[in-house]
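After this come two complexes, each holding chain A, first together with chain B and then together with chain C.
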Partner chain A sequence: MSDALVETLHSSLLELDQPKTVAAARAICSGDGEPSAEQAVQALAAALEIVGQRFQQEDWFLGELVYAGEIAKQAMEILTPHLSALATQSSGTLVVGTVAGDMHDLGKDIFITYARSAGFEIIDLGVNVSAERFVEATQVHRPLALGISCLLTICAGGIPQVIEALAERRLRDGLRVIVGGAALTAEFAAEAGADAFAPDAVTGTRVIEKWSGV
Partner chain B sequence: MREPVEIELQPLGQSISVEPGTSLQDVLHGYGVEFPCGGNGRCGGCRIKLLAGTLAVTPPQAQILSASEIEQGWRLACHCRVDGCLTLEVEQWDTAILTHHASLQFAPRPGRGIVVDLGTTTLVAQLLDLQSGRVLAVQKARNPQAVRGADVMSRLARALEPGGRQELADLIRNEIGALLVGMLDSAPNAEKAIESVVVVGNTVMHHLFCDLDIESLAYSPFDSPNDGLQEFTAEQLGWRLPGSPRVRFLPGLGGFVGADILAGVLATSMHESDEVVALIDLGTNGEIAAGNRERILCTSTAAGPAFEGGRISQGMQASTGAIAEVRAEGGGLACHVIGGGKARGVCGSGLVDAVATSLDMRLIRPNGRLADGSHSLPLTNDICLTQSDIRELQLAKGAISAGLRILLARLGTDEEQLAKLYLAGAFGNYVNPASARRIGLFSARAERVEAAGNTALLGAKLALFGEGFADMRFADLLSRIEHVPLATDARFQEVFIAETAFPGPQ
Partner chain C sequence: MNFKERFLTALAHEEPDRVPVMGLIMDPATVNAILGRRAVDIPALLQKPLLRGPLRRLLNSSWFWDRMYYGNSSGAVESAIQLGFDANWTIYAFMQLANDRETEVGLAWHDVFGRVWEMGSDGCGNMSLNYTRALCDTEERWEAWAEAKAPLFDRVIRNATRFHRRLVDKYGDRILPIGYAAPGIFENSWQAIGFVNFTRYVYEKPAFIKRVVDFHTDFYLRYLEGVMQSGVEVVLGGDDLGQKTGPLMRPELIEKLYGESYRRVAELVHQEKRKFIFHSCGKIYKFLDYFIDWGFDGIITMEPTAGMELAKVREQVGHRLALIGNLDVSRLLVKGTREEVEDAVKSAIRDAATGGGYVLSAAHSHPFVDPERLRWMVEAAHRYGEYPISL
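Right after this comes the complex of A and B.
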């Protein structure tokens, strides 16, 4: 019975069945601790992994990606209060924003949803973020990594500017930088001095998970 | 080889010598005649009147034209071949357009004027008789700035480089200057004074032509504080035109919505309509205007180049060799290739047709996924659509339909209630409206959707002829038009994501 609940949580997320996913999460929380909230979170993570594969293999598109992320977020909100102190420990903090001059935020927001579901704490600086603000937030929050989104070719030059500004303040060492968005390529990211480029939000989440060692 | 034959074009009075058997479409296209449906005999937009000579009436013509029209000499240029000497009148060049605008105060006055549609890719100019309203000459050219980038964003990037702004301004001013001189030379009385020149174009073309600061257009907030009316003397632009006319670039509507859309508002009489109507320019920027005599909202949706065949793996412009039409036939897909030869790629209208047909045949699911689980859909032996091509179309279509929905919601209405939906832009005039509707680009009722032709040029003419527009500032009209920046619209994300899906089975 109990395993069946975890199984339901997993499969109903993949069926994009929001009521069923949420009901399964509630049932797990109001149960006798078997299965545990931790097991449920693992099941959600495994399901999101599959969502990511479906998106990468072009089976699913933005609608499914966003909706699955939204359902997972709701389920996480139900499960989180029931997690042990150890399990609620954040996988790390990320500072995320869209580069100066650019106001596209859809891709950035999708990345944030997935990174949050993976247990990261996100400081969202929003759109049109200057190098100065990235630097300030890095000083204040000491994040594991910085995530920068860019959709406009004309604004891509803002990315090496952020990285240079970080280096000038001696904040670059030990900090990782991941970039994404339709205007960028892996080559550009490497040239700009970023540590990684993510073609999509799910790949990006995998990369930062690797960095945090979870 | 037979002797060449002569075609005389009225009202230009121009003579052209062509090989017998040449298609009239090929000949007239070079003279600026537009073929709204791509020369498929569907729209009747290329109507010509035979004043002398003979042209066979093919079945598609008989379908579009009535018996009495045929009797009077009307033909569709796209379906005619030249066999002997002809004298023709081109309807597009006639005053008919002006008389459609009952409310327009057409005040005949002596003299001649010029209108220019400054497009990102193409320039079109017309010389007009201000007394009769007739087109005296037409001239077309490519925008020479294209060597510095195909789209407006790459032009802006170029203009931000040292010397770039000057270079782009010089390129376009010189080209139009030469184009106008060539146009005057092609018409009788080349030395007769020109009274006025009206130029329209998108906001980036406006700024680059007028040599204005583009910082605020190139980066957030993507504003255009200087998009008001710009006036020059011909000398200032280095143009040698008789009569030293004033040259006016009409004002834009805010953000990336330019004078070409203001012209579109005039051309569709949106500003005089009792009911709410909408105009969509189906280009890369996907501008939309919607409203009525009281209030008009406009926006740009940044659809991307998919409708022009851009970012599509085997995409191409709508030219010879492009699959421009796809329909279901014998359980498969049948393609029509422009020019009739071997397919070299697929253009926007072919892409939209192919997806619409495939949705009906359940080859593509409403979420855009190819139903057989593969990643490509063959259209012909050599040309196929990939799954990512369909995704690109979903983004472009999603942006436009989300923009339209949001504007109409702000006006307190929806597509169901829309009295008229005008499609502009090259692609807007090319695409099969039924297919566009099938993929969910819009949901307005089919009978209310209308391909509106080159509304930029038409609107520029109305501005030139209209009596009430003497100063061309359009202060009153502009005070009723509001630009809506979608980047800060709280609902855009959600609506856009929802609109990337195709409508379900119908």
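Right after this comes the complex of A and C.
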């Protein structure tokens, strides 16, 4: 029975069946602790891993990536209060924001959903984030990596400014910077001094998993 | 051949005298640089307490909006003529300045479809407007918005007709103004609701989404009729179906939700003996066969930074679609050398121009596209684009 519930949670997410996924999460939480919320979260993460693979293989598309992430978020809201403190330990902290002048959050938010499911703690600075705020957040949180999103070409020039500001404050050593968004290319990322370019949220998560050794 | 014959011959997949070149000029920064105009920083003016009220009233008048939009678009067309383009797109929009607590200036533009466009600087001293949020994130809000704004939709169509007619009348003997009907049905559907909610409703509230799509299809067809009444020969529909690594939504789902709408669009344009070309950013190989099926005459953009290659597109579609594009605007037309621009032009002509069905253009526009490099592009097309192609 317990394995069946976890299996239902996993398979219903992959079928984009929101009611069934949420019902399975609730059933797990209202049970006798077997299966545990930790097992359920692992099943969700495994399902999202498959969603990411399908997206990268172009079997699934952005809409499915987003909707799967939204269903997983709803299930996580049900499961999180039932997790033990040990289970909520993160694989590392990431500071994430959209560059100054740019108000777009879709790409950043999709990345956050998938990075969280991979076990990272996210400090979301929101949109229109100045270089100074990226620097302050880096000083405060000492993240494993900094993620900068940019949709607009006219704002892309803000990215090297962030990286220069980090270097000026001697915060660049040991800090990885990853950039992504419609306005950017791998060539731009290299010129700006970033460590990696992510054309999509799934790739970004994979890159940071490698950096963290997960 | 004149510019019009050249362009329409190419769209008909016949070889004109030389490869036509289309301008995508629309950004005030580009227009100002070419025509020697000064930038107007509207967001900065709106921050001055004494100016804020009167300026806001002015900005919300149809008179100003039409005048500003016409002024910029006529400047874009004049710029394109100066640089030697055969055609240029002309974009009409209508928005209203509304109170908005989520923005730094406390104001944002709301378009008639329910989007929020936030003001910023384009980096060259002009106002830039960017879609950032949805105003109708629930079914109830969308229904209320559509009802409340009903009178505006007709006004938008009338204004668009007048706008395009003025451009055709003034410039039609020197360049082909391309009527631009955008945003399209897909963007108008999801952007007023937000992508996350729209995606959710596709699965959870399909009847609502069908109503939204039907509503925007009806509006778009009426808008197209209005644009075509102006006398434009070619209509360009803009509807981004792709993102950097692939389709925004599953192509089969887009066919199910929008296929019939797009077919009606193409049929209407063809009934009026016009041509319909379609703009979509992103990696859209998986849509190319649908475009043919829907009856589109051509596509424009083929974003190289999203992996779109002219030769590959031509191989996939043959001469069933005319291709317009796709010189890079991430680097080449911003800071590429003259030799690099010429090489890119030669490469594009080699990849797509044989047998007609090809119009050279930049992949897109933004304020940092350099007018001098656009001029190099046009000159290279004149130098290397004569038929028969011998590259």
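As a working rule, the second predicted complex is superposed on the first by the 214 of 214 C-alpha atoms of A that agree within 3 Å, B and C clash if a C-alpha of one lies under 4 Å from a C-alpha of the other, contacts with A are read in each partner's own complex, and residues count from 1 in each chain.
Here, a residue touches a chain if its C-beta (ideal position, glycine included) is under 8 Å from a C-beta of that chain, and two chains touch if they have at least 3 such contacts.
This is a predicted model, so every value here is computed, not measured.
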Could you classify chain B and chain C on chain A, in the superposed arrangement, as clash or fit?
clash
Which partner, chain B or chain C, touches more chain A residues:
C
Should A:188 be classified as contacting the first partner (chain B), the second (chain C), both, or neither?
second
Determine, under the contact definition given at the top, whether A:18 touches first (chain B), second (chain C), both, or neither.
second
A:152 in the overlay: touching chain B, chain C, both, or neither? Say first, second, both or neither.
both
May I ask you to decide whether A:199 touches chain B, chain C, both, or neither, giving the answer as first, second, both or neither?
second
Just to be sure I read the superposition right, which of the two partners does A:101 touch: chain B = first, chain C = second, or both, or neither?
both
Looking at A:211 after the superposition, I want to know if it touches chain B, chain C, both of them or none. Which is it: first, second, both, neither?
neither
With the two structures laid over each other on chain A, which partner does A:63 touch: chain B (first), chain C (second), both, or neither?
both
Can you tell me which of the listed chain B stretches (94-102, 184-192, 238-246 or 436-444) runs into chain C once everything is aligned on A?
436-444
Chain B/chain C common contact set on chain A:
58, 60-64, 66, 101-104, 106, 109, 127-128, 152-154
Residues on chain C engaged by chain A in the complex (per definition of touch)
104, 118, 120-123, 128, 130, 132-133, 195-196, 199-200, 202-204, 243-251, 253, 281, 286, 305, 329-331, 366-368
In the complex, go through chain A and note every residue touching chain B.
58-64, 66, 100-106, 109, 127-128, 152-155
As the complex stands, chain B meets chain A at residues 153-154, 156-157, 160, 218-222, 367-369, 373, 375, 387-388, 391, 394, 487-488, 493, 496-498, 500-501
Which residues of chain A touch chain C in the complex?
16, 18, 58, 60-64, 66-67, 70, 101-104, 106, 109, 127-128, 152-154, 157, 182, 185, 187-188, 199-200
